[in-house]
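So that you can tell them apart, the chains are marked A, B, C and D in the order they are listed, and the count of residues begins at 1 in each.
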Amino acid sequence: MAEHTEHIEHSEHIGSSGFYWLIWAILIVATVLTAWISTVDLGVFNTVVALLIATCKALIVVLFFMHVKYTSEKMTKAVLLSAVFWLLLLLILSLSDYSTRYAG
Amino acid sequence: MLEHEDRPELRHHFADVVQQRNAASLGMWWFLGTEIMFFGGMFCGYLVYRRAYFPEFAAGSRSLSLVAGTVNTAVLICSSLTVALAVRASQLGKRKLLVNLLLATMFFGVCFLGIKGYEWHDEYEHHHAPTFYFNAQDLVHNNPNLHMDPQRTKIFFSLYFALTGVHALHMIVGIGIFSVITFMAWRGKFTPEYHTPIEIAGLYWHFVDIVWIYLFPLLYLIDRRPGA
Amino acid sequence: MFDNLPLWPTSASVHARYEDWLFIFLTVISVAMTVLIFAAVAIFSMKYRRRHGREAAHIEGSLLLEIAWSVAPLGIMMIMFAAGALLYFRMRTPPTDSDQVYVVAKQWMWKLQHMEGPREINQLHVPVGRDIELIMTSQDVIHSFFVPAFRVKQDVIPGRYTTLWFRATRPGTYHLFCAQYCGTMHSGMIGEVIVMDPRDYQAWMVSGAPSGTLAQTGMTLFQQLGCNTCHRSDVQGRGPMLNGVFGHPVQLEDGRVVNADENYVRESILSPAAKVVSGFKPIMPSWQGQVNEEQLNQLVAYIKSLSPAPEGAAITSGAPGGTQSQEAQQPK
Amino acid sequence: MERKNYLNAEYGIRSWLLTTDHKRIALLYLLSITFFFFVGGFFALLIRLELLTPAGDLMTADMYNKAFTMHGQIMVFFFLIPSIPAVLGNFLIPMMIGAKDLAFPRINLLSWYIYIIAGGLYIYCLATGGVDTGWTFYTPYSSLFSNTHVVEAGLAIFIVGFSSILTGLNFVVTVHRMRAPGMTWSRLPLFVWSHYATSIIMLLGTPIIAITLLLVVLERTLNLGIFDPSRGGDPVLFQHLFWFYSHPAVYIMILPSMAVISEIVPCFSRKRVFGYTFVAASSIAIAAIGFLVWAHHMFVAGISLYSALVFSFLSFMVAIPSAVKVFNWTATMYKGSISFSTPMLYAFGFIGLFTIGGLTGLFLATLGVDVHVHDTYFVIAHFHYVMVGGAVMGYLGGIHFWWPKISGRMYPEGWGRLAALIVFLGFNLTFFPQFIVGYLGMPRRYWQYPPEFQVYNVLSTAGASILAIGYLLPMVYLLWSLRYGKLAPDNPWQATGLEWKTTSPPPTFNFDETPVVTWEAYEYETMPLPDEVTLER
């Protein structure tokens, strides 16, 4: 019934449990690292580093725990990217007001 | 491709299980897209006010417990691991392992809520909860170097409670979903061929984890530099 | 005959003339477009109405047409955008030597204070031909100051100042409306703007017999509240000296630099600990809830009067914060 | 013996309340939104009656404020947003793409129950005294000052948002996953394209208003302080978040209506739609650019000068795809074979009124002009031209067009044309004077007003009473037709969509056999002319 070009036959990816444990270890290390590094004075880079680490962690979860790396489904990535893009639109366009309210 | 009669889980309006599974997974991904925007509204408020009231946000952030925040992040990461392993167990058809991993996930979820509840209680005791009794005068004494208006830290705590509260609500919903799924797994409803509900619920759980991965630095780690 | 059937609003300010022309331009374009579409629909539906023996033509579309009717409107719209933006830019940029009037909006009343002293409620007297700048705030919800004859409107927001300016061109009495819904008597929050010849205006000003200018009232209040015990006119005070502060950059204790405009002065009275001047301690108590909006305006006017240079300092900042701190400089 | 169809497949209240059939759920929605339409219409009538005279004499100021608030909230959140998507979209999308149902039938039913719970809560709010914040809930009035039932109203709208999200989710997944063999994206009816675009807005916009209203509710109940100016909060932030959803929400209302028009115009012109690709792409463009223009509602709200320039520019951009649609529909009629059936009359009405509504939108996007007309009746007239002249005309046109499919009966054509005419005339008489009185400076939400505005308000009220008749008529004759209408053939209009290839009314799973699509959309040259005798009764 359904159109076959769109239906990629789903050969499921089964990760090894050792790999999942490795991912877990990386995430835990990153968590401790981000907590520790926040107490080191990096100037404005404290926030940058914290968000960078958070983004890496989020990407790792999305790619490996949520299997986005292995899916042949293009829509998953499209949905994810469009939602993040829309969020950025909200943030950037709102800030276009707040960051220029004070300018002469 | 299997016929309708062979697959009791196949709903009448789908042609085959692949179509059904793809539909469910796409539906969940779109729902997560919606969820990003749901938190996004609060993130927008956060960004605007953090820019305007950085010292107030820093002071509020420092009053939160770094240890509790870090431990809770770790707890959630552990729960994500058990979910990922649970999906794997269902793919391999290991029923007992699956049930145990699902139980472990819920255990971690409850742990997280316990720690979070303890923190909230603590903040409530210190009058930092953004209610009618809000008072943050103590933050002035604790942060002599920050030039801030303690009144305005209420915005930080409002956002903190709103963000963590909505996140906790998602956790509670997640635990509810997982208890149903655990029951189904225990009854042996899932097979290596059919475990879509576990995958779908897993996606949701990982998403809730990711939200916290961002909330942790945004709320707890605003400015913890010594001497600043 | 047309008393009860007005077709065009009175236009009584310099903005009004520009706005009317722009409006006419837009109307002409819109009517032309509407006629075009209506005529096309009417002609097609008459000419090609269903008849026996005539079949519909087979047409898929035309790339050329699609491009044409995307690009042509875009061109016209860019003219609209540019013209509208120019007018808006004028409306949002008050001249530096304008007369200032402080406005406090509350449910459901307009309170106005002239710099020279007179106070009014729901009435604003202004001379013809002078640039008038309104410095407005609200003590409860959002209101909006709207004078149709001047084609000006600006929301009045609690917690900060917004401004609006106009130059009246024709004496008369004009409607003043609150345009932002503000509760029960929203429609009763109306008043009038009375535009007078400069001579009549002077006469009105004198007859009002004010007890002193706004700045003088502010000075009295400044002393009553005891502000002068710390903010002394010499350098020995526990608070910073206020002479010559307004309209100039201020170095803060945490390294930021802010411009001392109305919103900064306001914030420094209500949230003094937020922006402490370099070299001072955060010892000043907050006056939130202790002074009302009108008193706040008097204090602002007084502090302004301590900076003699005719800066006029257009208000540029707004909530939250009202800081124009350099973005890169985070607190250490 | 009547053929089995979705209406007579099962009987009893249970078979309706527990149904997962998208067509039955569509009818449940039809009933509930019609109810809310008349509740909202009742408040509109109260408003118009009060404004008949300059003095506030019919009701108290508080009552008037509640009337326009609840008129707005009911019409926007409980009628317009679900109107075409949840009724016609729900009914037609699976059939148009050759599917047996939406992807998630139970979630579809759930979304109706969520709507009903929210609707019930809103009716409770109304019955216990109502709410007076204006449909926009602006802070700090809504969060700190109003003494009315803001919490209930806010929660009701928060809840109804999820109904809208689930509908959108269902549509998107259905369009992606459930298309019949051969139904490629380039063969999708434009109705489906527009609903796809609508669904994306529902999915990505609705959560923002949900969380924003939740924050207002929490501000009232727990004294959170996010928008509280006395604590350094910025009430304008609320407006940013509110309009981030509520401007695109306008496109949630108008895109489905454009969807209907894109079906009606080719059918009654017996021609392919002109520039299919551009009409389809413009739907997506409207959905995308529609998210970038929200602060044009805030040009005088105290936002920065520069940000106002950006938003004004982007607002002009969104006008382009809307204009492209109007041009393409008009061009579709060129050298067609046009009949003046009721749906086509509504389509004419839509094109005309939407043109006026869209063009007056340019006035509001033009910064210097918006300063004057913002928050006046000019704005009221503009958005009623778009939402009532546009969206409701499209809705009524669609209901007539698919009525034979939905009910299996023909509506009385003569009455249909008469009603379409009355609606068009009544509408213009109601709202055109508001452009003038708006430019004269009459602010919106005024309970009493200066006497020089009276003439226009009297015209407007007169028009409203005509409009009311125009809206009551279809309800009467459509109900009448359920029993006495001529039995409808499967394809009374000889239209091309897949929904016409099944019986009227369709069987429970839409098609006896899954269709295989081998033709392009709108191949009207291959269809015979409809039997005039059927049409003319």
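By definition in this document, contacts are C-beta pairs under 8 Å (C-beta built on N, C-alpha and C of every residue); 3 or more make two chains touch, one makes a residue touch a chain.
The structure presented is a predicted model; accordingly, all values stated were derived computationally and were not measured.
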Pair joined by the larger number of C-beta contacts - A-B, C-D: C-D
Chain closest to the assembly centre - both centres taken as Cα means: D
Averaged-CA centre spacing for the pair subunit B and subunit A, given as whole angstrom: 14
Rounded Å distance between subunit B and subunit D, as computed from the means of their C-alpha atoms: 35
Distance between chain centroids, defined by C-alpha means - subunit B, subunit C (Å): 44
In subunit A, residues with contacts to at least two other chains: 1-2, 75, 82-83, 86, 90, 94, 98-99, 101, 103
Subunit B residues counted as touching two or more neighbouring chains: 15, 19, 22, 26, 30, 33-34, 37, 40-41, 44, 48-49, 52-53, 56, 149, 151-152, 228
For subunit D, residues contacting two or more additional chains: 176-178, 204, 208, 230, 232-234, 236-237, 240, 244, 304-305, 514
For the subunit C and subunit B complex, residues of the former touching the latter: 252-254, 271-276, 282, 286, 288, 319-321, 323, 330-332
Interface residues, subunit C side, partner subunit D - complex: 3-9, 15, 18-19, 22-23, 26, 29-30, 33-34, 37-38, 40-41, 44-45, 48-51, 54-62, 65-66, 69-70, 73-74, 77-78, 80-81, 83-93, 107, 140-142, 144, 146, 148-149, 151-155, 157-160, 162, 175, 177-188, 190, 271, 288, 318-321
Residue numbers on subunit D that touch subunit A, as the complex places them: 176-184, 200, 204, 208, 236-237, 240, 244, 291-292, 294-295, 303-307, 310-311, 514
In the complex, subunit A residues that touch subunit B: 1-2, 7, 9-10, 12, 14-15, 17, 20-21, 23-24, 27-28, 31-32, 34-35, 38-42, 46-47, 50-51, 53-54, 57-58, 61-62, 64-66, 73, 75-76, 79-80, 82-84, 86-87, 90-91, 94-95, 98-99
Contact set on subunit A toward subunit D in their complex: 1-4, 6, 75, 82-83, 86, 89-90, 93-94, 96-98, 100-101, 103
